[in-house]
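Next come two complexes built around chain A: one with chain B, the other with chain C.
Coming up: the complex of A and B.
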């Protein structure tokens, strides 16, 4: 089971550091909300189209990812066209029409592991207010690791309940799922502690306090 | 932070993610199957409490943001948060925190009715409040029109509040987490 929207490639955009891409996306989104001239918005849309071509993202992949958002956008554009003005509808359509593929572009050209590293780096200053960047990275990587495990568990529970004729009972699905997940969490945390806390809060005493919890 | 708390946060984030990968669950009585993912915030809040429940949803949102296609329908990435309905997803973290806070406060005298009220407050009032305000702000669509458009989903979400509360009460009886 592979997860992730990253599309490997070696374009300029793929090679750009993740932090730069996210920074540019934030700047561009702010810019797009400050600009209201349809001509400039159309220019921005054309610019985004060029970037998508440069990164060699297949249009079908892009379309599939954007489809649900585009449906909602189309409804909103229609609402604005009816109740506000054509110009406002055009502005809305162009603004999000540029922003959505740009944001998807950042996702398609960046590796999840690079993103986690980036999050760890930008949350590092929060250590001063008692926030642990290592805990952030641990939570993210553990969650990613356990998505397929839990998906497997869900499939098993669903099949078991179907065999009992309980496939239409949400309680028969969720109660065992949650209780088994909580038990699993207990085992996983004991395994992590047994392998040693990379930075125990205050030596072995700190660890045994954590164990009692 | 205690290791076990980090693991709770991560595993609940993974549950919400895996729910997005599961096909919708059929329900008794109601003919429409539900996507169970939006119950994630309610379950995380009413089982893990404010801090862990809220952070579990923050981790889930971070996973979506860094490019995991774990929102129901296989969506993910920054595009989700640049779309007009981003407020609904972001509000889940606030909802889980709030549901968790209310649940913790009345943990020893928690009843099903009370938990349903908490879940409606967090899972509907908070989610729709933030979601609709965001939608109206970024798209320029008037707030009343945004509200009418979203209102069709409210009955289904009330069903989810009742279900999530029943499930959380069952879990509380056999494996309580908040005050152990």
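Coming up: the complex of A and C.
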């Protein structure tokens, strides 16, 4: 399975600092909600298409990444068309049709570590109220990193259950999934600790974890 | 040097390691023993992932009980499953992870990452997603991410168990070239042939501690 979180490249968009990209994404999405003229929205959509070309993201990769969201969008547009009006459906379709690829573009052209660093930087002031930016950033990183691993685990377990003729048993699927996920979580936390644990530097949390069990 | 002074360890009141008293000063040390004989527990004591319930573990004079952070900086640890050790989605990001607190300038950080990739001929994977690497490459990445921190000792707990023969050989070859002290736990006895010392565990006790040939012979007779 390929999970296109980041596509290495050296286009102008790749080289733009992450903060700028996220800032532009926020501005653009606000803008898209303030505008309701389909002509302007269509123009925005065209602009996004140009950005995708500039970033040299293959259309097939883009399509694969957006497919699930596009299905939902199609349903929403249909619902709007039936219960509201054709014009509102068009507006909705164009608005999200521009926003979705723009958001994908930001993730495709940004390295996860840069995004994490950005999140850490903007949340740094919250440290005063007991919020640990490094720990939160690490948690986010791990969530992203382990999506493909979890998918692989699920496939493995499903195949094993199928081999034993248990494909209809949710227990036979979720019990091993839970156990293996917990085991992996334990291994990962141990590995992070062994690698120097940059999240909580000297706090009591680090200590107590070393002494646990 | 790593030194264990009258170390015992219990989990929930159950004794797992009994009275281990050792000085580990050879360059390449192997650890063997049956499943559940306490090898992983022993390995985890060496870098302070576990603190012994009795006795002291000293790494270059630092006590794992009181200097946990410094000890972990001196002792790298490679686990069996590389999937659990790789933290970041992209190869170069994972290599950079441990270096982050050092706040190195960008150029130096990149230079260190490049050097680490070159060591095992993985330059072309710099910007690859980690989950696309083969098992052996993942383990080499895990090892590289440990080595980039420049530890003085490296512990490896069954580093080749999940690998096929070719990948196993790559990792073994990589281990042979390391200048650090390495302590390897494994069921792969071949790996220890040219080691300086092999320690055999049985039921939480050391039952042999010798050159590879006699120690492995003892282990084989124990298992039959």
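In this text, the second predicted complex is superposed on the first by the 132 of 213 C-alpha atoms of A that agree within 3 Å, B and C clash if a C-alpha of one lies under 4 Å from a C-alpha of the other, contacts with A are read in each partner's own complex, and residues count from 1 in each chain.
Just so we're on the same page, contacts are C-beta pairs under 8 Å (C-beta built on N, C-alpha and C of every residue); 3 or more make two chains touch, one makes a residue touch a chain.
Note that the coordinates shown come from a computational prediction; the quantities given were computed from them, not determined experimentally.
Novice: Touch check for A:196: first (chain B), second (chain C), both, or neither?
Specialist: After superposition on chain A, A:196 lies in contact with chain C alone.
Novice: Taking the superposition as given, does A:149 touch the first partner, chain B, the second, chain C, both, or neither?
Specialist: Both: A:149 reaches chain B and chain C.
Novice: Who contacts more of chain A, chain B or chain C?
Specialist: In the superposed model, B touches more residues of chain A.
Novice: Is A:35 contacted by the first partner chain B, the second partner chain C, both or neither?
Specialist: It touches nothing on chain B or chain C.
Novice: Under the stated touch criterion, which partner chain does A:6 make contact with: chain B (first), chain C (second), both, or neither?
Specialist: both
Novice: Just to be sure I read the superposition right, which of the two partners does A:137 touch: chain B = first, chain C = second, or both, or neither?
Specialist: neither
Novice: Examine A:175 and indicate which partner it touches, taking first as chain B and second as chain C; both and neither are also allowed.
Specialist: Touch status of A:175: first partner only.
Novice: Touching A:90, do we find chain B (first), chain C (second), both, or neither?
Specialist: In the superposition, A:90 contacts neither chain B nor chain C.
Novice: In the superposed arrangement, does A:24 touch chain B (first), chain C (second), both or neither?
Specialist: After superposing on A, A:24 lies clear of both chain B and chain C.
Novice: Residue overlap on chain A between the chain B contact set and the chain C contact set?
Specialist: 3, 5-6, 112, 138, 142, 144-145, 148-149, 184, 188, 192-193, 197, 210, 213
Novice: Could you list, by residue number, the parts of chain A that touch chain B in their complex?
Specialist: 3-6, 22, 25, 29, 33, 65-66, 68-69, 72-73, 75-76, 79-80, 83-84, 88, 91-92, 96, 99-104, 106-108, 110, 112, 115-116, 119, 132, 135, 138-140, 142-151, 154-155, 158, 167-171, 173-175, 177-179, 181-186, 188-189, 192-193, 197, 210, 213
Novice: Which part of chain C faces chain A closely enough to touch in the complex?
Specialist: 11, 44, 47-51, 68-69, 72-73, 76-77, 79, 81, 83-90, 93, 96-98, 100-101, 127, 129-132, 145-146, 149
Novice: Please name which positions on chain A make contact with chain C in the complex.
Specialist: 2-3, 5-6, 8, 111-113, 138, 141-142, 144-145, 148-149, 152, 184, 187-188, 190-198, 201-202, 206-207, 210-211, 213
Novice: Give every residue of chain B touching chain A within the complex, in rising order.
Specialist: 1-15, 17-19, 21-22, 25-28, 36, 43, 47, 55, 59-60, 62-63, 65-70, 73, 75-85, 135, 138-142, 145, 149, 163, 166-167, 170-171, 174-175, 177, 180
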